[in-house]
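Shared between the two complexes below is chain A, which has chain B as its partner in the first and chain C in the second.
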Partner chain A sequence: MTFKGSRLTAASAAFALAAAIGTTGASAQTAPSVIKIGTLYAGSGEFAVSSQAQYDGLKFWAKKVNKDGGVFVKAYNKKIPVKIVAYDDQSSTSTATTLYNQLITQDHVDLLVADFGSVLTSVAVPLAKEHNQLLVDVTGSSAGFFSNDNKYLVDLSIPSSGVWPIPLAKHLIKQGVKKVAIVYGSNDFDSSQADTLKSELKKAGITPVYDHAVPTNETNYTVLLHAAAATKPQAMVELGYMSNDVAFLKSLKSSGLHFPMVFTIFPGQFKALMEKNAGKDALAYTYSYPAPPMIKYEQVSLGLNTDQFIKAWEADGHKSAPNFVNTAGYSTGILLAKALSTAPDMKQLTIRSTLEGFSGNTSTLVGPFALSQTGAQMGERLPVAQFQPQKDGSLKTVVVYPDAMATGKAIYPAPQG
Partner chain B sequence: MLKSNWSRFWPGMLVAALLALVFSVAPMGYGNTSLLFMMMTFIVLAQGLNLLYGFTGYLPFGYVGFFGTGAYAAALMVMKLHAPVWAAVLAGPLASMAIALVLGPLLRLSGAYFSIANLAASQILFFVISNPHMTGITGGPYGVKLDRIFAPTASYAAMIVLVVLTTLIAAYFRYSRFGQGLRAMADDPVSAEMSAIPVVRMRLMAWLTSAAVAGLAGAIYAWNLSVFYPDAVFSLQISIFAIVFALFGGVGTVLGPIIGAGLLYALYNAIGISAPQYFQLIYGVLIVGLVMFLPEGILSLLTRRGINVF
Partner chain C sequence: MTALLEYAIVGGLLYGIFFGLVAVGLNLIFGVMRIINLAHGEFVVLGGFGAYWLTSAFGLNPLWGVPLAALGAVVIGFPLYYAIVPRLQRSRDPEMLSFILFFGLAQVIEALVTLGFGPDQRTLPSDALGSGSPSVFGQAFPESWWWAAGISVVAIVGLWLYLTRTRLGFATRAIMANRDEALATGISVDRVSSIAFIIGLALAGAAGVFVPYLQGSVAPGIGNDLTTTSFAILIIGSLGNPIGTLLGGLVFGVGSMLMQTFYASWSNLVPYVLLVAIVLIRPQGLFGKSVRHA
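Up next is the complex of A and B:
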C-alpha cells in the first residue's frame, strides 16, 4: 500500500512536472518571436513629408527598443523584439484601404498604427472596427472619428484639430485685433480649425472681414492675397497643410503685400524645412503653433524628454533636426510599449483599456496624455509663437500666448520690409 | 434565331459566371477583401469606360465624375432621407445618368476636346460637392460618414453582381446590332448616319450606360467604405487607373478590361506590398514599356496572330 502510495505520489509528481514543463513549453511557443506593428506611410503625394516624418519617429522608437532586446510584454512575461510592417499608400485613400486590410488580415499585426492625418486615417476607422482591431491614431485629429460605440480607436498623440485655434483666437482678441482675414484648405483638418477660430472670434463680436476656402492642393495665393488685402485686415490667418503654407508664404513675399500679423500652421512643426522652402524672410514676424520639440517638456513621466530626444535623434544619424511629427511617432511608440508592459493579455480591448489607465497621469515629450471617453486625445494644447528675427539672421521662436508659457512679447504690428 | 443569340452571348455569360465564381470563392483563400473589392471596382470602371471609349471612341478623362456622383447620391440618400441601402445604391446610377444627360452636349465635341471638357466637368462636380458652403448638404470638405449602413460582406456581394452585370452589358455591346452600330459610328459617323444608324441616340445611350455603370460602382463603393472625403471618390487617379487598365487589356473587347484591371491591379498591389520603396519606379516603367510595345493592349498579342478575341 505504501509502495503503491509512493508510486502514486511519484506518478502524480511526474505528471505535475510534465504538466509544468508542458505549460512552460506552451507558453514559450505561444509567445511570438516579434511583436508586429503595422503601419502605412505616404512615399509620395500631398501627405508624403508629414507621413514619412511620423513613420521615422516610430522607426526611431522601434530601433531604440530593439537595441535593448525588445519591448517587455507582460502577457508573455518576456522581452520581445518589435518589427514594423509598413506599406506605402502614396497618399491615396483607396490604396490605404487595401493596405490596412492587408496588415490586419494577411500580416496579422499585433498593433495597427494609422498613417498621418485625418484623410489617410479615415478609411482605417471602420475597417479596424469591423475586424476588432485597435486602431492607434497618431495625427488623425478629426473629431468625427471618435464615438462611444467604437472602442477600437484611440488617439495617442495630437489633439483634435478643432481645439488647436483656441489659443490663437484668444491671442487675437487680447491683441485687440478686430479685422481678421481667414484663408483655409477645403479639408477636415483646416476647415475644423477655421470653424473653431470663427466661433471663438464671434464670441468676442468679431466677424472675419475675409473668409475663403481653397482646394487642399492650392499652390497660388496671389489673387486671394490681393482680395484679402483689399479688406484691410489686421491679421491674415492661413490654415493649410505644409504645401499650402509654403505656397502662401511665397506668394505673400512675392506680392509685396504687408499685413500687421500673419499666421500659418506648419512653420511651428517644421521650422527648418519651412525656412528652407519659403525662406527666412517670408517667415519673419509671422506666427504659428509651436509644437514640440520647438517647445520643450523637461518633466516627462514616460520616455525621453525633449532635449534627450533631440540628442538621441542626432546621435541616430538623422541629417535634419527632429520635428513635431517625429516626436508624435516616437511618443506613440513609447505609449504602446508601456501598454504592452502593463496589459495582462494581448487582446485589443485590453490594450485600449490599459492605455485609458494612463490618461491624466502620464506625460511624454509631446505633453500631457489625456484621453476623452471616446478615445480622442485632449491633453496637449498648442500655444501661439512668433518668429522674431535676430541680429545673427536667425529666427527665434518666441511663445507669446498663453501668458503661462510665454517666453517674450509679440512684435505687433509686424515691421514692414 | 434563339440558338443564334445563344451562340453569340454564351461566352459573355461564361466569363460573367467565372468572374462571379472567382470573386465568391477568393475570400476563403485570401482574407484581404478590400483588395478584392477594389479589384472588382476597377474591373467595373475599366469595363464601363470601355463601353464608351471602346465602342464610340470617346475617351472620358473625367469618368471619375460619374463614380463620385454615384457615391455621393448614395450617401445623401442615407444621410438626408434615411433611405434603405438598396434605394441608396440605386440612386447612384440614376444620379450619374442625370449628370450624364446634363453633360450630353459634350458629345458634340470629339477627340481631346471631349476628353478635356469631360475632365473639367468632373472637377466642377468635385468642387461643388466639396465646397465648404455645401457642408450642410454634402458634408463639404468634411466628407461623409455612413457607419449606420456599413456592411462589407453585403457590399462585396453587390459588387460581384455589378461585375457580372457589366460583363453582360459589354458582351451585348460586342455582339449585338447596337454594338456593331456603335463601332460603325466610331469608324465613320457620317457614313453610319447615311446608313440609317441613329448616331446621336445611340451615342447618348452608350454615354448613359457608361455613366450608370460608374454611378452604380460609386454607390456600392460608398456603401463598402462608409467613411470618405470628396477627394477619395473624385480622385483623378481613379480615372487614370480605369483608362490604363482598359487600354492595357485592350478596348473594344469584353475580356480586355477584365484582364487589364485584374492583372495590373494585382501587380500594383504586389509591388506596393513587396517593394514599396520602388513602387512608382517599377509600375511607371512597366506601363511605359507596355504602351510602347503593346499599344493595342495585351489581347493584341492574340489578334496579331489572327485569333479572334472575345
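Up next is the complex of A and C:
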C-alpha cells in the first residue's frame, strides 16, 4: 500500500465514520421524545359507554407498552414511549370535528385513532383525507367509509358493517324464516347492515314484510313494534346502537308483543351491561352477534389471547370484566405497535402499507386480520348467537351459526312468556 | 291500515299527554320569571335517576319518585332561585343572561349525574307499574303509559287549579301579566316566583319518573333533547298557559306517532316542523289569546 493509497483509504474511512456518526446523530436528534397518538372519547352522551370502553382498551395497551420502555419504532431504531392525546367530544359530531382538526393541525399527532362507532368516525374520514393523515379506525365499521380514492383510512379492529349481517341472513334462511321485519337506525353503521341483510335475503327470494329506518336517537319503539307486529313477521331484526337496543328490548318486553325470533346488535358486545340495563328477561331467547371476548381466540400471532387479556385486564385493576370494545381498543394498539416496529419511516402512507402487509398473516384476540384494498376490515367475522335462559337464571350465549363455530342449537320459535 | 292509524292516535295521545307534563314546568318558569331554563331537561333527567335510585337501592316502587321529585325541587329549587333569579331580574337582559347561565347549569348537572350514576342508560323494572296492557278502542298499551298519562293529567290540572283557584295562583298570574305592576300592588314577587320555580322543577322531576318507560331508558345525556322538545311543545301550545302546553303536547305526540307509523325516519322532524309552522302562522301558539311579545 502506498502512502498516497493509505491516505486515501484513511480519508474514505474517516468520511464513512463521519457520515455514520452524522446519521446516528441525526436519528437521535429527530427522534421524538414520545409517539403521540391522538384520539377522542365521549365523556357523556349516547356513545359514552362504548367510547370510554374503547379508550380504556387503548390506554391499557399504552400503559403496558410504556411499562416496557415504550414502543420500538423502526424509523428511529429505538424504543419511544407512547403518549395518548385525548379530548372529550361528548358524543357530538360537531365537537368531534373540531377536536379531530385540533389533533391533526395543532397537536400534530403521529397517529390519529378514531372515536367509537361509525357516527363519531364519520366526521374524521374526510378531515383525515384532507390533511393526508392516516385515520386508524377502531370500531367505525360503516361500509360507506371505504373507497379506492381514500388511502388515509384503515379499519383495524372491527369487520366492515357490510359483512356483519351475512351470517345472520344465512341463519334466517337456514331456519326457514320467510317473513322478516327490519327496523334500523338512519346512520351509516345501521343502514349499511340493513342493506346487506336485505340483499342477502333477496338472493333467497325473501323480501322484508316491514322495513323502516328510524332516527339514530330513537328511543320510543312501542308504536313501531305494533306496526311491525301487524305484518306478522317470523323474525324481528332491530339494527341500532346500544341506546336503541336497550329502548327496543324494554319496549318489546312491556308491549306484551311476541316474535318467534328477535335480533339486536349490542348484547353481543356488552352482554353484562345489557343484562343490567335492559334486564335478563328482555334478553332471553334473543339473538345477537357475539363478539370477543364472548367468543374466544386461543391461537393468536400478535399480543395476548382472549384468556390472557382477561387476566391482564383484571390484574390491571378494572372493576368489570372486559367487553368487545375494550379488546378492540387493545387490538388496535398492538397492531399499531407492530406497524411502528416494521415501517421504515413515519410517513402516513408507509404505516398504512405496513399494516396492509399484515393482512392475511396476522391474528389477534379479535380474530384473523384481513384488510381489503380500500382499508376495510374483512376478517374478524362475527357469528350469530342466542341468549338461552338456564335453570340458575343466567343467560348462556349459544353460538348457532355458522356450523363450524356453533356451540348449540337455536331455540326457535322462542317460547312465549 | 285503520288499526295502525287508531293505534298511532291513541299512542300519540298518551305520549303527548306525558310530554305536556315534561314541558309544563318550563312554561311556568318562563311565564313567571321570563327566564329561559335551558337546564329543564336535566331536571327531568334528575327525576328519572331519582326513581332509579329509589328502585335499585331501596326496592321501592318508582312512583315514589314523584313525591321525591317534589322534595328535591324544594331542596334544590329554593336556594337555586335565590342564588340566581333575583340577580338575573336586576340585569338588563334577563332572558339572554338566563340562557347562558342555565346552559352552564345544565352542563354541571349532566356532569354530576354522570359522576354519580355513570354515563350509561338506566331502566326501571317493566312490571313495576303493572304488567298488563289495558286497551282503549281495542288499542292496548303498557300500563306504564297509562300511569304516565294519568299522573300527567292530574299534575297539569292541579297546576291549572292552583293558578285559577288559589290566592298564590292569582298572584302568580299577576306576575305573569306584569311583574312591575304586581310588585307595585304589594305582591311578594320573589316569594311567589320562588314557589313557581319550585313547582316548575317538581313537575319536571315528576315527568322524569316516567321517562324510562316512555323513552326506553334514562341517561345523563338526554336532557338537551328533552329541553328542545319541551320548547317546541311550549311554542306550539302557548306560553303561560298550562292547558295550552297539554294541548301542544297532544299535537306533538299524535304527530310524532303518526310519522313513526308511516314515515318512521322523519319522526324526529315533527316538533321542529310544527314549531316553525306555528311561529309563522300563529305566533301566539295554537291556544294563545294574544300575540306574544316575548
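The rule is short, and it goes like this: the second predicted complex is superposed on the first by the 391 of 417 C-alpha atoms of A that agree within 3 Å, B and C clash if a C-alpha of one lies under 4 Å from a C-alpha of the other, contacts with A are read in each partner's own complex, and residues count from 1 in each chain.
Convention: a residue touches a chain if its C-beta (ideal position, glycine included) is under 8 Å from a C-beta of that chain, and two chains touch if they have at least 3 such contacts.
Just so we're clear, the structure is a prediction, and the values are computed from it rather than from any experiment.
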Task: chain C versus chain B on the shared chain A, clash or fit after superposition - done: clash
TODO: Identify the partner contact of A:43: answer first if only chain B is touched, second if only chain C is, both if each is, neither if none is.
DONE: both
TODO: Go through the superposed model and pick first if A:277 touches only chain B, second if only chain C, both, or neither.
DONE: second
Task: chain B versus chain C as contact partner of A:122, first or second or both or neither - done: first
TODO: Name the contact category of A:256: first (chain B only), second (chain C only), both, or neither.
DONE: second
Open item on the list: Looking at A:246 after the superposition, I want to know if it touches chain B, chain C, both of them or none. Which is it: first, second, both, neither?
Closed with: second
Open item on the list: Just to be sure I read the superposition right, which of the two partners does A:223 touch: chain B = first, chain C = second, or both, or neither?
Closed with: second
- [ ] Have a look at where A:362 lands relative to chain B and chain C in the superposition and call it first, second, both or neither.
- [x] neither
TODO: Considering only the touch criterion stated at the top, classify A:215 as touching first (chain B), second (chain C), both, or neither.
DONE: both
Open item on the list: Output check: A:97 vs chain B and chain C. Expected answer is one of first, second, both, neither. What do you get?
Closed with: first
TODO: Pick out the stretch of chain C that clashes with chain B after the overlay, from 115-123, 151-159, 169-177 or 277-285.
DONE: 277-285
Task: chain C-contacting residues of chain A that also contact chain B - done: 43-44, 90, 186, 213, 215
- [ ] Could you please specify the touching residues of chain A with respect to chain B in the complex?
- [x] 43-44, 86-88, 90, 92-95, 97-102, 105-106, 119, 122-123, 125-127, 130, 142, 144, 185-188, 190-192, 213, 215-216
- [ ] Would you mind writing out the residues of chain C in touch with chain A in their complex?
- [x] 3-4, 7-8, 11-12, 15, 110-111, 114, 118-123, 125-126, 132-133, 140-142, 144-145, 212-217, 219-222, 225, 256-257, 260-261, 264-265, 267-268
TODO: Could you please specify the touching residues of chain B with respect to chain A in the complex?
DONE: 30-35, 38, 127, 130-132, 135, 140-143, 145, 147, 150, 152, 225-229, 231-232, 235, 237-238, 269, 272-273, 276-277, 279-280
Open item on the list: Which stretch or stretches of chain A touch chain C in the complex?
Closed with: 42-46, 48-49, 52, 90-91, 183, 186, 212-215, 217-224, 226-227, 230, 242-243, 246-248, 250-251, 253-256, 273, 277-279, 281-282
